[in-house]
Amino acid sequence: MNSESAARQITTVEGIASDPLRKVVQSHTIKIENLDVYIEENHVLKNIDLTIPEKSITCIIGPSGCGKSTLLKTLNRMHDENPEVRISGVVKVDDENIYDNKVNVIEVRKKMGLLAQRPCPLPMSIFDNVAYGPRIHGVRKRKVLNQTVIQYLQYVGLWDEVKGRVRKSASRLSIGQQQRLCLARGLAIEPEYILGDEATSALDPISTKKIEELFIELKEKYTVILVTHTLRQAKRIADYIVFMYLGKIIEAGPTEEIFNNPKMQLTRDYLSGSFS
Amino acid sequence: MNSTGSRQMKLRKNEERLFKVLMIGSSVLIMGLLLYIVGTILYRGLPSLNLDMITKLPGGGFYLGKEGGIANAIIGSLYLIAGSLALSMLISIPLVIFINFYLPRNSALTGLIRFSFDILFGIPSIVYGAFGFALMVFLGLKASLLGGIIAVALLIMPIMMRSFDEVARLLPGDLSEALLALGSTKYEMSKVILKKLMPGMMTSVLLATGRGIGDAATVLFTAGYTDNIPASLGQPAATLPLSIFFQLGSPVEEVQNRAYASAIILTVIILIISLSARWISSRYSKK
Amino acid sequence: MKYRRVLKDRLARYYMLGIAVLSLLLILIIGLSLLFKALPIMKEHSLGSLLSSSSWKPFKGEFGFLPFILSTLYVSLIAIILALPAAMLTSIYLNSYASDRLRRFFEPVIDLLSGIPPVIYGVWGTLTVVPLISEKIAPHFVEFSAGYSVLAGGLVLAIMILPLLISILLEVFRSMPEEISDASLSLGATKWQTVKKVMLRRSIPGIIAAIVLAISRAFGETIAVLMVCGNIPIVPKSIFEACYPLPALIANNYGEMLSMPGYESALMLGALLLFLIIVLFNGVSRITLNRIERRFQL
């Protein structure tokens, strides 16, 4: 797509890219403007400007401590729980600033499906795990719940593996299965965006592969934003890459460009493995 | 190695040997004490232990040797501890959830609450009994089941709170984060977390029960005493510790022996409770 | 979003806040209530005379609390002096030297000991300890002792606080990470040296906490001590003399509370004194402990 190549825009001083993906055609989007995040005294995220393209996989990469997870958490307002965090700036989801006072945080979170690093099954049956989200958001009819649960378990490829024991405790599943369950659970609230925070780093290679395949399927319907700790994963599945370092976005763009033709020296160094 | 070196070695070795002897000695001593105490109670109590003791109410003159049993005290104690547990749980469980999952991590309020419960933990039962009494007078209550419930609830609250708090603190933040990320309200999140903490809660309940059921000083002023089973909260209730105490005060030896039998009953109840607590906590940690 | 969800959430939060506030005030409420009830007697006699006089003759309106305060202190002190070494030795042994089987065997023993209701210790004390003191121990030291004495109270209390001490000490020792003791051993230290220089030093805050807890228990134990201490309101001059700790005073005279003027108020003052001693003791040691712990954290 031509517009993608037009997304290469390096505008500000110091050569740091400012919202380079802006030009990509958008309707359901996340637009981050002027975002600064302070945790206690530390300036963790510095003046972030970013547009996340819809219905694609965007991978945020960078060395540990660069602020990737912090950035991800601003998207579903998880920092609300931590009074030591100060946020300034605008995060627009579907053209609405989610940090506006009038916005209900629960509605925001409903739009975001989160897959965390360590699978965290709820202390209930497999069925109840998936049904939890719909239930709290008001779905009561048993038929509807049944359908929803089966649908999403099928989608993540778990249904065949668990259909005989759907009423049994979820903690008995293997880690790979648990992570897929958490994905199904997140999908069941019918979000628009899927957030993954190093979602496969605790898994074995086979489970990792399964989850990656799911992400690729998911991008047809959802906008997927992943924090990745391995460059290889980013190379495998990402459509767009955002490279961060010490709280700033250094470079961002389509995967091929970033990997084959990085513009910044820092990016080049990181990709070549000089630091990680 | 020079001579001072080997002298040092010798001193060290002797010191270690000495302490080893002392350690084993003290462990043996404690073991022996336990056996001795248990033995004494069993020796004097078993002969008088029979089904009647558990199932019958004290007849007139029970404390002077006539027939009957301590069903009044058994049921009274059970009613009382049940009520106290309910009251205490209503307060300590939400409180623990509040300080662990609602308040921010290093909140001053959390530290203050834990500190004040540490102090409450150390307050002797007789003070709770006296305070309970003062409270009852203020509220216009008579010595009754309700009075006892309040006093014992005060006693067991810090115990329950501390034990449950320990468990809640250990819970990693993943679960609460996952729940919130799904769009739960904090209340909905708390309900699920409570489910996860259920074994820990059971342990604290059992711990509190063990302490509350065997204590005499709290119920002395507040629960009264009766030979009957209380039919309502306003009626006085007999409790096992007091029943034992009163039977011991009797000049008749047979009644004193029955006191030992009652003691066996109470000890067995407490044993069952504390073993269950241990069993639950070991099952829980295996997961 | 549905209003009912919001409502439930909000109600839950208010409830929790309310409880939090109440629980913070609880200590104050207890103290103030006791104070209120104790006021009558304090209006009649000065606090100083109440605390320093040893004359306890309620019928004459004389209320000297000194015997009771001192009895409480003496008995608790003896209990700790007797129980602490034994508890330390046993805990160290169980933690660092004993085999797994022995440990598993001992744990129910500790549970059993702590499960025995205080009344029983009292009874056992009357049966065993009192005659022991009166016939076997005291004759070596004094002319006569009825057996019901400070020593009896202290001994019984010591046995009662043993399980508490042992279980806390075990927990404290258990919490030391193996790496530290491994490091010490790999430097060539013997097990005993490791225990002495590493484990014990590191566990000092925990040990102090255990002692504080045990002393609190000892201060406040009522029934068991009541049965073996003699209940005579004088300041004991030797451990073989009878004594009358505060909790026993309150418990024994509960029945007569309403029959004499000022008696109820006097007993409430006793409760208040006990309360204050313990709150101060616990409060100060908690704060000191926190400070020590902070210094120990590296």
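As written, the chain order gives the labels A, B and C, with residue 1 at the start of each chain.
Note that in this section a residue touches a chain if its C-beta (ideal position, glycine included) is under 8 Å from a C-beta of that chain, and two chains touch if they have at least 3 such contacts.
Fair warning: this is a prediction, and the values are worked out from it, not measured in the lab.
By the count of C-beta pairs in contact, the leading chain pair is B-C. The most centrally placed chain, judged by C-alpha centroids, is B. If you average the CA atoms of subunit B and of subunit C, the two centres end up 15 Å from each other.
Remark: subunit A and subunit B have CA centroids separated by 49 Å (rounded to whole angstrom).
With centres taken as mean Cα positions, subunit C sits 55 Å from subunit A. Each of residues 106-107, 136 in subunit A touches at least two other chains. Each of the following residues of subunit B touches two or more other chains: 185, 188. Multi-chain contact residues of subunit C (touching two or more other chains) are listed as 5.
On the side of subunit C, the complex with subunit B involves touching residues 5-6, 8-9, 12-13, 15-17, 19-20, 22-24, 26-27, 30, 33-34, 36-37, 85-86, 89-90, 92-94, 97-98, 106-109, 111-121, 123-124, 127-128, 159, 162, 166, 190-193, 212-213, 216-217, 219-223, 247, 250-251, 254, 267-268, 271, 274-275, 278-279, 281-283, 286. By the touch criterion stated above, subunit B contacts subunit C in their complex at residues 12, 15-16, 19-20, 22-27, 29-31, 33-34, 36-38, 40-41, 91, 94-95, 97-99, 102, 109, 112-113, 115-127, 129-131, 134-135, 138, 185-188, 190, 210, 214-217, 220-221, 240-241, 244-245, 248, 259-260, 263, 266-267, 270-271, 273-275, 278. Of all residues in subunit B, only 104-105, 174-175, 177-185, 188, 192, 195-196, 287 touch subunit A in the complex they form. Those residues of subunit A whose C-beta lies close enough to touch subunit B in the complex are 76, 78, 81-84, 106-107, 109-110, 112-114, 116, 118, 120, 122-124, 132-133, 136-137, 171, 182, 185-186, 189.
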